[in-house]
Amino acid sequence: MKKVLTGLQEAAGLVEDGALVTFGGATFSRVPMEFVRELVRQGKKDLNLIDREPAMDFDLLIGAGCVAKVRAGMVAFEVFGMAPNFRKKSESGELVTKEGACQPIIAGFRAAAMGLPSLPVKGMLGSDLLTISDVIGSQKQIQDPFTGETMIAVRAIEPDVAIIHAQKADEFGNVRIEGPFYEDVIKAKAAKKVVVTVEELISNTEIRKMPEATTIPHFIVDAVVETPKGAYPCSCFNYYDVDYDHIKQYLKAAAKDQFKNYLDKFVYGRESV
Amino acid sequence: MKKVLTGLQEAAGLVEDGALVTFGGATFSRVPMEFVRELVRQGKKDLNLIDREPAMDFDLLIGAGCVAKVRAGMVAFEVFGMAPNFRKKSESGELVTKEGACQPIIAGFRAAAMGLPSLPVKGMLGSDLLTISDVIGSQKQIQDPFTGETMIAVRAIEPDVAIIHAQKADEFGNVRIEGPFYEDVIKAKAAKKVVVTVEELISNTEIRKMPEATTIPHFIVDAVVETPKGAYPCSCFNYYDVDYDHIKQYLKAAAKDQFKNYLDKFVYGRESV
Amino acid sequence: MNDKIDTPDMMIYAMASEIENFDTVLHGVSSPLPILAMSVARKTHAPDMAYISGSEGVDPELDRIYPSSFDARLNRNAVAYFGLHEAFDLAQRGELKIMFLGAAQVDRYGNTNLSVIGDVNRPKVQLPGGAASAFLMPITPKVVIWVTRQSSRVFVEEVDFVTGQGYNHRTDEHKKNEIVIISNLGVMNFKNPDRLMQIQYYHPGHSVDEIKENTGFDILVAPDVSESPVPGPDIIKLINQIDPEGVRRSEFR
Amino acid sequence: MNDKIDTPDMMIYAMASEIENFDTVLHGVSSPLPILAMSVARKTHAPDMAYISGSEGVDPELDRIYPSSFDARLNRNAVAYFGLHEAFDLAQRGELKIMFLGAAQVDRYGNTNLSVIGDVNRPKVQLPGGAASAFLMPITPKVVIWVTRQSSRVFVEEVDFVTGQGYNHRTDEHKKNEIVIISNLGVMNFKNPDRLMQIQYYHPGHSVDEIKENTGFDILVAPDVSESPVPGPDIIKLINQIDPEGVRRSEFR
């Protein structure tokens, strides 16, 4: 085991302009928001974002001008409605949006995690999404070699960097996720580099008391950053709940063309975040 | 949730003669030995056994005349040497032995668990094992549709019954495995029917206190049987260790043509097991 | 007819009625109505169903809902966690019985659109995306689509983009699977040989004619069409208990 | 030369020497020698290696070994569990650096046989099976084969059955990967352009000639062949600490 504890700035430095990036969590749960804000502060460009059902993480980066491409199953703010910057820039053509479906995106991550060039999935046949996918070369119709059944082969998705926010880790990168995992373990295995921001650093001795609680082992983690409240305003199970009021405030700012003010206040100014 | 608690005899009744069967655990760890002994007592015939690295479970059933076919990556008694009944009946031709490799067997279980007709794996090319596999139609050479890379497609393995020995479960079939899982979760998902024998029944209230400890959820479990010492002489982590002396005794009995005595004493007679 | 039942509650009850006991049911993102429907079913006619939450909890003791359908508090006292990729595996095995999905457009064949209005490469309106629709629509034994505002702009002659596959975009094997559409006006299904949308129920206060007027194509009418069964006061009480703040109404604003 | 070193200890030391710091290493079933080699490497020159046990524990604080290499006590104070299927995924990604495998026969190309002697359909001798050999041999950057009894019946002209693939049964891509054979007599590798087996080290008390005599084909000799490096007393002490009952000797009986 080698020590991989580092600072937020250094860790965000692992994300290069143009990189294929995915984040842990789902919609407003356990998303590495502080890392996302650091990407904005570092002025990253042309990011290629991919995830199953992202929300504010993608929208914030899009609004801050960091993103060139998005591939996702759905980008929305749940019952609060559309993702404002995602919608605006998709419609203006500033953003290349390639909609996927959740399963092919998950299967693409799984293929990479398994070290396979592709993985077959069911469903999908007849959907116009296949046409989009054909264009970007991510999905192909195949026949199963044994049954002849028509399947969709999904090309492996190997992100340059996966960033996961977790509850706990030690300085070597043994990570504990509490509550739902979403695709975080799969993403960590699939990615070339893995950054984990955590609410709390714990000792290796503590980790060894409960090996079954270690969700991601050290040898696939490249950086650990102690980042309390690192998911805020999203939730971090066992630590804090979603701040729905903050999310409404974000949407209001975007709707009223005051998104720059939001960024100044909550990203550059780091106020109350 | 529906109650699936039942008795050992009833649960073993789910295994029909000729069925494709796999067991949980690996070599001498957390193997459902009491269930295996019940299969012998019920005089099952022509079982088709499949597993990655089985030991005494397979050998006992083979020795008792319950088995027609075996497919495994390795059948052996670790440092104690060959599996005596497996070796004898393979060499005499009484048993059809189709050696697999661990990864294609695991991948076959995974394909079934994922609801896929087959799954590609790497490696394998150039091994004579592929020739055997061709004969039984379980593996085929394919080209990846994106990269053109030569891969081996492994046909899904969907056991008729998977039998898992676990530490704890409730009467609905929410199962806790403690320590290493081996392929037990995958096997449970892959099989048509799942029987879980457990050291200890716990209440559903207890289960709900620690959902993260539930390894197999109720809706894929068909029967739960309270079976203390159900893995003996194999180990059950947190409950008891392997009884290496018993295993040596087994081997000695088999070597000295006293296997029938062993069966009378430890399987039919249930002495000290 | 009863006292006036709120539209969301009518829809929740109709959605709950689609679930049978022992069914394995999953809800997805942004799904207050499905969560409430699953909760109602479980407390009434389907006590043994397997409830898989989009937030990964299995059979949680749900006490209330939140604006996010992935809120981890939805997993309260669950018996297990079960990831979405595991639920999708279950779907591929044919063992996920029911899924609830949304739609911005739907047509007579049951095709849904959640992707774009206009050209996909330069959308007039960018929609949020279909999430699991394209994957689950054809392979799930029963898919329940909920639509909160039935109109001829939503129930269209032809969807701009096929996100989820209707019967005309399915293989024969998957034509057997059921689609049910539950709207603010009634319940539509495809239980006829041609697999074309038909009105099965109209909610109290609405009518076959109103549904026809708010449909952009020639919708069929089931021979046994009738008024929707109405939830009893116990069910309304249950819904209010689980959703005291009215999250379920957010989709109707 | 030192005091006489036991053959198992010589082999364990040679096997440990194949591990570099930061390597990710897996052992399989029936593997007392690999477990001891990994333990020695970790306590000496490779403190940062990732140790994945066949019993699924990652970097356990191993205090002793047992007759079963899957004994759950081998996972004592591990930092995590990592299933074999996960380790195999890692191998498919090219991130599993070293694997230790056994062999009943081995030939000049590095092919191994763990399957059968004689005809596969009616074996003269049924061997235990190759376990992970066929999968891992070609794709793992370094595979270390251990053989406890070198003889011309084990080091054969041609294996009866190719379980694990030698260089002549590999694609060009996989010809780069290393095979190392460690026996009771010495260390063999394939570090020559033709990828044929050559003697690299002879253990103290043995010789190039003795190895040649106990090899059933014309084995090459590395230009820099030499006596095997010998473990110091600290290493012998360490081995004895972890294996006080001599489980490692069971393969030599």
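Here the chain labels run A, B, C and D in written order, and each chain numbers its own residues starting at 1.
Operating definition for what follows: contacts are C-beta pairs under 8 Å (C-beta built on N, C-alpha and C of every residue); 3 or more make two chains touch, one makes a residue touch a chain.
Because the structure is predicted, anything quoted here is derived from the model rather than measured.
Novice: In the touch network of chains, how many steps separate chain A from chain B on the shortest route?
Specialist: 1
Novice: Just the number, please: Cα centre separation of chain C and chain D in whole Å.
Specialist: About 58 Å, centre to centre.
Novice: Centre to centre, by mean C-alpha position, how many angstrom separate chain A and chain D?
Specialist: 40
Novice: Using CA atom averages as chain centres, what separation in Å is found between chain B and chain D?
Specialist: Chain centres of chain B and chain D, defined by C-alpha means, are spaced 27 Å apart.
Novice: If I count partner chains per residue in chain B, which residues reach a count of at least 2?
Specialist: Answer for chain B, listing residues that touch two or more other chains: 115-116, 121-122, 179, 212.
Novice: What residues in chain C touch two or more of the other chains?
Specialist: Those would be 57, 75, 81, 91-92.
Novice: Write out all the pairs of touching chains, ordered by chain label.
Specialist: A-B, A-C, A-D, B-C, B-D
Novice: Which bits of chain C are touching chain B when the two form their complex?
Specialist: My answer: residues 22, 24, 48, 50, 57-59, 61, 75, 77-82, 86, 89-95.
Novice: Show which residues of chain B lie in contact with chain D when the two form their complex.
Specialist: By the definition above, chain B touches chain D via 26-30, 52-53, 72-76, 78-80, 82-83, 86-87, 90-91, 93, 97, 99, 101-104, 106, 110, 121-130, 132, 150, 179-183, 186, 235, 237, 241-242, 244.
Novice: Hey, which residues of chain D end up touching chain B in the complex?
Specialist: 29-30, 32, 55-57, 66-73, 75, 81, 83-85, 88, 91-92, 114-115, 120, 122-126, 128-139, 161-165, 169-171, 247, 250-251
Novice: Spell out the part of chain B that touches chain A in their complex, as residue ranges.
Specialist: On the chain B side, the touching residues are 115-122, 137, 140, 142, 144-147, 149, 151, 153, 155, 178-179, 212-213.
Novice: Enumerate the contact residues on chain A facing chain D in the complex.
Specialist: Touch list, chain A to chain D: 1-2, 112-116, 170, 172, 174, 189, 204, 207-209, 211-212, 214, 216-220.
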